[in-house]
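Heads up, the next two complexes both have chain A, just with different partners, chain B and then chain C.
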Partner chain A sequence: MSEKKFLKNESVIPFIEGLAGGRKVLVPVCEGDAVIYRPYRKDCRLELTRMPTISPKDATFPRTETLMTFKQAPVAKTEGDGEGDSDAQPKLELTETLPEEKVVVFGSRPCGARGKSIFTRVYETEDVKDPYFIGRRDNTLFVSIACAAPETTCFCTSVGGGPADTTGSDVILIPVDGGYVAEAVTEHGAELLQSDLLTSGADKAGEAEAVIQKSMELLGDADDFSIAREKLIELFDNDEFWFDMSAKCISCGTCTYLCPTCYCFNITDETAGKSGKRIRTWDTCMSNMFTMEASGHNPRTSKANRLKNRVGHKFSYYPSLHDKVIACCGCGRCIKSCPAAVDIREIVKSAQEYEDVNE
Partner chain B sequence: MSMNNPYLPEMATINEVIEETHNIKTFRVTLNDTEKMKNFTFEPGQVGQLSVFGVGESTFVINSPPTRMDYLQFSVMRTGEVTTKLHSLEAGDQIGVRAPLGKCFPYEDMKGKDIIFVGGGIGMAPLRTLLLYMLDNRKDYGNISLLYGARSPNDMAYSYELDEWFSRKDLDTTLTIDVEFPDWKHRVGLIPNVLLEMNPSPENCVAVTCGPPIMIKFTLQALKKLGFEDNQIVTTLEKRMKCGVGICGRCNIGGSYVCKDGPAYTYEQLKQLPNEL
Partner chain C sequence: MTGLEELKTKILGALPELDVVIGWEQGYDALNATPLFIRKPEDVERLIIGPLCAHNLATYLPGLKDKKVGIVVKGCDSRAVIELLQEKLINKDNITIFGLKCDGVVNLNKIRKKIGDLGQIRKVVFDSGIITITAGETDHQLKFSEVRMDKCDTCKYPNALLFDHFIGTPDDRQNGIEPEHISDAEFEKMSLEDRFAFWKQEMSRCVRCYACRNACPMCVCRDHCVAVTRDPHWISQENDTADNWMFQMIHVMHLTGRCVECGECERACPMDIPLMLLRRQMNKGVRDVFEYEAGIDPQGKPPLLTFKVEEDNIPEREW
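And then the complex of A and B:
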């Protein structure tokens, strides 16, 4: 990591305003009971202490984005192949709409920033490159605030993260007395820290370290979720287990929408007159419609099937395909905001500890 | 375009529409970009996403063989929104095509072997591409037989090709329908039962089957009864798909994405996946 700098509390607003030159700046603000990322405005209710209710994935994977537009173009007479005739059909013009906006997210948490790395393994492979996600990811900088006071729903250290994990961040800010110790993680991050608003933070290194140390203590011992890979497959046909685990679930999908790593989507067309667009929207595997086929057949008719897929994907299928990396960053949003108190940690633990009493 | 956009369809023209049955139409399509059409390659069993702009996309197997590249052929059963709209299109209409997607049948591994195709209804479409490919590379394969069944003669797609298939000495064709029908000169009976009566030897043979789930289920049982091993049975799966490239997350069976890791699977591969068809 680069040299430590110090951003005092009074300089936070000027620093954010300085970022706005040429970039859209998203910051966590209070809206009712929730903390939500919004474009920075002078009168916004900035909230940098509480964990944001939603994850910052909207910045790199918007809930709705246009993939392409299409319109019926007037028929242009062209040199035909000899078979063309005068009543040629109107041609459709198709235009891809790649993202170009430059964004900086100020005040993400390390878990939220880490979510992008789970996407990257799927959205940017040798075979397939998703230009929408890659474009946004490469145009978006993350200034993350390390967690000094983890919540009871936090479990980042059990899934490879930590309160000051820098994965996916360009700058990490560690809260100390009177401000933040700032460190650049990437070159882009170092550029952001060129600002005159920052002073040397070398003398606060010890204090920053103590903050993270205390946070680690509050988080307690990490759980080992590695055997879930096999255990969840073993339990695949155990309907009773999944019926029990999903009994409280109301299939609302809140868990998937708040999750920094849930990357499933739908593609639909919208038209107005002779033009239209093909859009991509967040989808949720908790919905009965997610896998419903046109014939009426549905491989996941029950909420037990669907919860099994969500947990299985994160803790078994994805890790098996991606170097054992768990597709969860332990932010706990799915636990904290679940209206039915479903706790993914408990499901994984139950699976790992499951013993068939009949065997 | 900064990089190859996997979501962006190629514009294509429908050259011909063939009315196969009361609910199946076949579309012969060429890409508008003649250079791309000329350089288009795929392998038997791979699929494509057809776009009707303003309605959406659906996945269909390319059922013409890669050995006959005058056009790409897709057969569409009218079922949902996209297929209903497709059925209203005519020659000259524009659609989008994203292809090829997915994995092909293991046709290289089948070389030198006897092949029995068992197709039911629209399930004949994916078999057609492989059957024609093999007939076009006839010396690479042993005896080839086809058992093709439908509810009634009126539900049988590719009926205009059947005479040619029957006339070929290097293809043993058997047709069946579920119940008696006036003037029907072929077999009557459910596909798995007819298959058992045909009693094909599993010796150095691969069975390729596709059809409605219930037909596949009983065909697999029949093939096992006949002594076929799991790795001698190949089938193709269907799932709801959107992206077609293994990202959007709805066609997975455990860690296998039917759109990119399938749709063709051996029964041996299928048995290793979680039970979620």
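And then the complex of A and C:
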């Protein structure tokens, strides 16, 4: 890693304002009790100590994204209108809307920034390249704040992350007395740290290390979820197990929409008169409509089937396809914000410990 | 809420005749309870009752209507059961109600507003109106009256209104409680323009996760909700302020005369949108026009589920 710099608390706002040159700056702000990412404004209620309620995935995978716009071109009137032209198709004008905006997210957590690394394996492969995601990812920088006070719902170290994990971040800030120790992770990150607002942080390296060490201690021993890959497949047809696990789930989409790694979407054409747009919006496997087929058949009509998919995808199907990488960052949002306090850790553990009493 | 041992004994007695009894157990830390589905006698040991048991378990009843279900309810929860019975969405023959007397439940958002994220929660103690939360090495002391749910501030119905078994001693608190919450009076002072600006700001952060809808015991359309139908495609999938507002308005209007103000929509909302403000305004209208309160009398008729040729408080002929 590069040299350590120091950003004192009083310089945080000027630093954020300095980032704005040519870029949209997204920062966590407090609205109601929720902490959400909004474009920086002088009068916003900046909140850098609490974990944002929602993950920063909206920056690279927006809630609503226009893929293209379309409109029906007026058909030129010809002689003998109507008779001879009845086979003519109305012309449709299509306009592609690729993302071009440059963005920097300031104040993400390492677990949130890590999320997009899970997307990349799906949206940028040899065969398939999603220009919308790739465009946004390449245009977006993440300045993440390392985690000094993990919560009861945190389990990043059990899924390959950590309180100062740098995956997906361009700069990592470690909170110390009076400010942050700043380190660049990427070249773009190093450019951001060229600011005169930063001083040398070499003398604070020990303090920063102690903060992370303390955080690791609070997180406690990591769980081993490696056998979940096979156990969840073994339990695939065990309806009773999934019926039990999903009893309290209310089938809303909070878990998937707040999740940094859930990347499923829906595509709809929203038209008004003769023009409209094709939009991509977040979808959720917890919804009945997620698997509704055009024929009317639905392979996942019960919440048990749907919860099985969410857990199975993250801890079994995805790791099986992608070098055993678990598609979860351990941020705990799905637990903390679940209206029924469904705990994905408990479900995975129950699957790992499951013994069939009938065998 | 008192009488845990009495409740356990009653549930154990009823369990052989039931498929499941729904109560609460300790959640992932000392500050969180979570719904408990009791199927075996040994599950009863995990049961808890108290100020953390905020979830309205009546939400699960319509989804279990072909089962014999036991349910533990607070006063406000029992109103949802009554409303579901009135609308014939559940069958009383299949339901055994264990009624509690409630002293209020905690609003976790209010706690976070006071002391921020709590980190590692070790212990929570309720004593003489004070809640002490031990998080990390720090003890946070808060007045319970300042962190309970808004609905508890104006609660007239602490006791379950309908039950097969009542646990503990009913509270006779009924009188002298204003139906309007203090925050409503503040809101009503705002001009219509300011109110609309307020709601536009609030609605702009709705992610349309539908937690408010699915946590609501009266939102029984579930998989057939107008908000997600594709044919016809009534509401855009676009997640912008106008469409969010449209969905939330539909949600409120579908609850007219049915909402029992259990507050589950607002509790479930991850974005902390003050949805109960909308519900209370709408319920105030129902009280003024129809002199009706939802979920009180199992034989009552919700005003919009019936009609009178001439409504008492709608002077149509004078228009």
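One rule holds for everything that comes next: the second predicted complex is superposed on the first by the 345 of 359 C-alpha atoms of A that agree within 3 Å, B and C clash if a C-alpha of one lies under 4 Å from a C-alpha of the other, contacts with A are read in each partner's own complex, and residues count from 1 in each chain.
Throughout what follows, contacts are C-beta pairs under 8 Å (C-beta built on N, C-alpha and C of every residue); 3 or more make two chains touch, one makes a residue touch a chain.
Because the structure is predicted, anything quoted here is derived from the model rather than measured.
Chemist: Chain A superposed: clash or fit between chain B and chain C?
Modeler: fit
Chemist: When the two structures are overlaid on chain A, which partner does A:Thr268 contact: first (chain B), second (chain C), both, or neither?
Modeler: In the superposition, A:Thr268 touches chain B and chain C alike.
Chemist: Answer with first, second, both or neither: which of chain B and chain C does A:Ile233 touch in the superposed model?
Modeler: Only chain B is touched by A:Ile233; chain C is not.
Chemist: Once the structures are superposed on A, label A:Asp33 by its partner contacts, choosing first (chain B), second (chain C), both or neither.
Modeler: Only chain C is touched by A:Asp33; chain B is not.
Chemist: Could you say whether A:Tyr354 touches chain B, chain C, both of them, or neither, answering first, second, both or neither?
Modeler: After superposing on A, A:Tyr354 lies clear of both chain B and chain C.
Chemist: In the superposed arrangement, does A:Glu151 touch chain B (first), chain C (second), both or neither?
Modeler: second
Chemist: Look at A:Tyr123 in the shared chain and tell me whether it touches chain B only, chain C only, both, or neither; answer first, second, both or neither.
Modeler: first
Chemist: Could you grab the smallest C-alpha gap between chain B and chain C in the overlay, to the nearest Å?
Modeler: Scanning every C-alpha pair, the shortest chain B to chain C distance is 6 Å.
Chemist: Which chain A residues are contacted by chain C in one complex and by chain B in the other?
Modeler: Correct list for chain A: 266, 268, 292.
Chemist: Can you check the complex and tell me which residues of chain A touch chain C?
Modeler: Residue list for chain A touching chain C: 31-34, 36, 49-51, 53-54, 63-64, 149-153, 218, 244, 247-248, 250-254, 256-258, 266, 268, 270, 279, 281-282, 284, 287-289, 292, 335, 337, 339-343, 345-346.
Chemist: With touch defined as at the start, can you tell me which chain B residues reach chain A in the complex?
Modeler: The contact residues of chain B facing chain A are 1-9, 11, 13, 53-58, 79-81, 83, 92-94, 96, 213, 238-240, 242-243, 245-255, 260, 274-277.
Chemist: Please output the residues of chain C touching chain A within their complex, sorted ascending.
Modeler: These residues of chain C touch chain A: 20, 27-29, 32-37, 55, 59-60, 109-110, 112-113, 116-121, 136, 201-202, 205, 207-211, 213-215, 222-223, 228, 230, 233, 236-240, 264, 267-268, 270-274.
Chemist: State the interface residues of chain A toward chain B in the complex, per the touch definition above.
Modeler: Those residues of chain A that touch chain B are 67-68, 70, 87-92, 94, 96, 98, 122-123, 127-132, 134-135, 233, 236-237, 263-269, 271, 276, 278, 280, 283, 285, 290-295, 297, 299-300, 305, 309, 312-313, 316-318, 320-321.
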